[in-house]
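Order of writing sets the labels: A, B, C and D. Residues in every chain begin at 1.
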Amino acid sequence: MLRGVFPPLPTPFTEDALDEGVLRETVASLMESRLSGLLVLGTNGESFLIEPAEADRIVRIARDAMPAGRPLLAGTGCDATRATIAACQRAADHGATHALVRPPTSYTRFMTQDVLMAHYDRVADASPIPVLLYNQPAVFGAEIAASTVAILARHDNIVGIKDSSGNIAHVNDVLARVAAEFSVLTGVAGIMYQALLSGTRGSIVAVANVVPNLCVELYEFVMTGELHKALALQRALAPLANAVTMQHGVAGLKAAMTLAGYSGTIPRLPLEPVASEVEEELRGMLRHLELFTGWTL
Amino acid sequence: MLRGVFPPLPTPFTEDALDEGVLRETVASLMESRLSGLLVLGTNGESFLIEPAEADRIVRIARDAMPAGRPLLAGTGCDATRATIAACQRAADHGATHALVRPPTSYTRFMTQDVLMAHYDRVADASPIPVLLYNQPAVFGAEIAASTVAILARHDNIVGIKDSSGNIAHVNDVLARVAAEFSVLTGVAGIMYQALLSGTRGSIVAVANVVPNLCVELYEFVMTGELHKALALQRALAPLANAVTMQHGVAGLKAAMTLAGYSGTIPRLPLEPVASEVEEELRGMLRHLELFTGWTL
Amino acid sequence: MLRGVFPPLPTPFTEDALDEGVLRETVASLMESRLSGLLVLGTNGESFLIEPAEADRIVRIARDAMPAGRPLLAGTGCDATRATIAACQRAADHGATHALVRPPTSYTRFMTQDVLMAHYDRVADASPIPVLLYNQPAVFGAEIAASTVAILARHDNIVGIKDSSGNIAHVNDVLARVAAEFSVLTGVAGIMYQALLSGTRGSIVAVANVVPNLCVELYEFVMTGELHKALALQRALAPLANAVTMQHGVAGLKAAMTLAGYSGTIPRLPLEPVASEVEEELRGMLRHLELFTGWTL
Amino acid sequence: MLRGVFPPLPTPFTEDALDEGVLRETVASLMESRLSGLLVLGTNGESFLIEPAEADRIVRIARDAMPAGRPLLAGTGCDATRATIAACQRAADHGATHALVRPPTSYTRFMTQDVLMAHYDRVADASPIPVLLYNQPAVFGAEIAASTVAILARHDNIVGIKDSSGNIAHVNDVLARVAAEFSVLTGVAGIMYQALLSGTRGSIVAVANVVPNLCVELYEFVMTGELHKALALQRALAPLANAVTMQHGVAGLKAAMTLAGYSGTIPRLPLEPVASEVEEELRGMLRHLELFTGWTL
């Protein structure tokens, strides 16, 4: 069962291509922490800007750079059902342990709950590796209703959901309807503490690429019942978490990783790197968090 | 300081007028519970459908039917600054202890943070009773940003906020910016448990009109650290809480109150009573909660 | 039958009160043009910020300052059905010839087409003067569907609609469903030309308070088939029309009126006057239009 | 210069693959009309569900089945700039005369006007065939502002725009800013008449796949100044036009084509065919239009 903190890895690029060296190195560095595993090819991985052959390389390289026991999740959702199935098969071939499947993002007016259900059923039937649902209506358009999750959760090959709605009432509703072994993970770093106290099993959050240990500590504080520490850490992480998602997106995340000692690299066009003021702002946030690092270690 | 659970009282109507007898009786009944106080003239009180002279009577009758020590909050927000100030003064004259001030709901494109700030400053300067802010962008259009709350919270006569955004990340952000004596209350029953664990002081939630003791118990479970009980109760309350707000609105709330032994009465036109199927659905939800009542008492 | 161009008059204010002198004077000035009549108490009239006693004065003064034969429309829509009926009666008592009734703007999730239909039916049954519907979902929340307009248009006392959706496909749909004597007026100055060519009878547009003659000329060019002139004028008017609505709202409209030689006065709080840069921008737009005034006269 | 009516061709599928025979046949049939040309790989062509190799075949087959002189537009927009450029090159290689480039639909919060401008500039610089912009914010997320269109229109290799905003005020604004030889085409069949009277050069509308001659006649009526006929036809076409886009999407379009004598085929999963009631509804609409066909021929 998936538990703990997983970073959704950004994809390192040179001007023209995948930066395989940096990818290998970043995965290895991140895995020195107590992170539970890794997600590649999520939206933070610029999956929408990546070609299939690149995707295969990314999965392969990440798998090779990771400790054998840790789960490697790969984003495999496409708009067409058949393309999604093909992506699951290729991710499995290259070493992914789980497929994170976003809903189709086109023709969203026609993505009724019945259509989504049929789509996920077909994908889960065909995928060689277990499937995670992915709910983020603000980005993907279609919402996977709690009642739909409840039904899909009974499929043998659907083992969890990444919920990035940011809506705790919705998370409560999902948790009230699924079995305890179905892994509900939050995708919003700003509510990790509350989500864990609601019964989620962990998180897949961008900021875990930047300050992995702080995210793991927040998780552990909740597990050990040290709620005041967890809440203080939650509040402290919020500005950086927000900066590397809502505010500055992948470009902000990559800049923050570079400032934190990784090689963030540049985003792929049409995405542009952040301005230098944003870097300054991010640097300030990281400095502020060092106080916490001291305190929590 | 405001703490605990406050019901936002629906306004009882006959076909033509305010039903003063029912109002008196409902207030008295609700106050037999451990509810901390009462809100009149909120959106659940059909404030948008009530005339000023009626509003004065509602405040007066509620005050007279309540124990002296308990706070009586009155909704006094209007679109014009001057009308809002006048409403605060009249509410104070008739016995309200606090004014809950929603933002202007017209010309919302021009309700910038600066304009909202100036509006609330003027209202708080002039109000004879302490003011609570009210944030619910989905209903009111304008959003009061966390940074605006932080500034307004320093005004001597602004003592708290009802936040009905339902967004725990936003609630976190507000709480991280205000002093401990500033009362942050959630207006979303579906997240009471998580909001309390985040540092809010209580809630103003429609479902507290229907099952006041269960809401108070949830509050108390969190206060005493019985988190598993609190979470179980939170999940159990969610469907009814949702039914009397999002799903069926004031009409649903009034129907549920009648089913729970109060006199809910009818809503005022153009609002219509719920259909009989909805009553059946609500009856089922209440029956389900009786199990909890047994367990928790 | 209502035809031609009607300005939705802004309400002149002093710091504390209605500015009756300016109101009288502005109405008289505007009526020297070929405008067909006048609307008071619309959203451009800051109706949401005005008290009932002031509303009565505004209708009375406008009536007295207008030529007897021209229609005086008054905004009378409130959230409650009973308040709306009362407002229609008072407007009629003070001299309005038509009531423009916006839909309720609160509890909008419950403003189904059935509820809107029942609301308008009750209002039209009780109103002593003919009723105009008002559709502007972006501002009022509820949308009056074309199929609802078709049914309401059969009521003897509902004689037209102001449609401010800005959506020509919707206007087409309404026009295809109503009788020729039902007056469809557009509320969006940026599409007057196309709306007239689609079968609408005229417009109620803010910019007609600033450059009444240009608006009337656009109308007349279409009536006489001088389509190239009409289109050129439509394009020329668009920036100013947009500035005094979408961009700068009532405050922008009042500033533009002052620049055009009327007394715009200040808006009522919480609305604030525009900044001086906006005045400069408006001045430039007016200057640009003078070329057209020369050409078209 | 592009003028007249272009159908955005749906892509015919068998259960597993592209139906090349039907594709060839449909293109040939449609080209017997006075349609100006054809668009393949638009959103109505299920471009989001199609693989690159299929896309190449579609362009090639359409080109071969069309009269030599008529323009063949191909949708080539992808989320990544490099993928978009590659798609333009491949479309040109296979016989397309113009590339219709939708904006990136992911990371839309970061698709500022500057980013869009840089993206389109790079694409237009590299594309071997002229580029058309594509504006449809409701579907694509990002809006191409009129001021951005004005700047991009000066690029030698950007020759027009498909505007599917449905917003005539916006279309006016674009037309006021571009040169006469820049081809503005509307993508909303419900406003073809008004768009032509505003200065657009034609349309790319789904319903032109179903009743091509009626769409061409509407265009010709406006060109010859027979406005009453054009308006009557516009109103008559609206329900069908709406049914095959907003209401029932590509599945509705394919069903309507089959009813009109073409082979619509099924949509690709996750899209599902329409229910039989929808077919009945579409059949009724087509029957109603036959009256018009009689009258207009």
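The rule is simple: contacts are C-beta pairs under 8 Å (C-beta built on N, C-alpha and C of every residue); 3 or more make two chains touch, one makes a residue touch a chain.
What you are looking at is a predicted structure, and each value in this text was computed from that prediction instead of being measured.
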| said: Need the CA-centroid distance for the pair chain B / chain C, whole Å please. | reply: 36
| remark: chain B and chain D have mean C-alpha positions lying a whole-number Å distance apart equal to 50
| query | Think of each chain as a node with edges to the chains it touches; is that a line, ring, star, complete or other? | reply | ring
| Touching pairs - complete list by chain label | A-B, A-D, B-C, C-D
| remark: chain B contacts chain A in the complex at 166-169, 172-173, 175-176, 188, 190-191, 193-194, 197-199, 227, 231, 234-235, 238, 242
| said: With touch defined as at the start, can you tell me which chain C residues reach chain B in the complex? | reply: 43, 48-51, 79-83, 104-107, 109-111, 115-116, 118-119, 122, 246, 249-251, 268-272
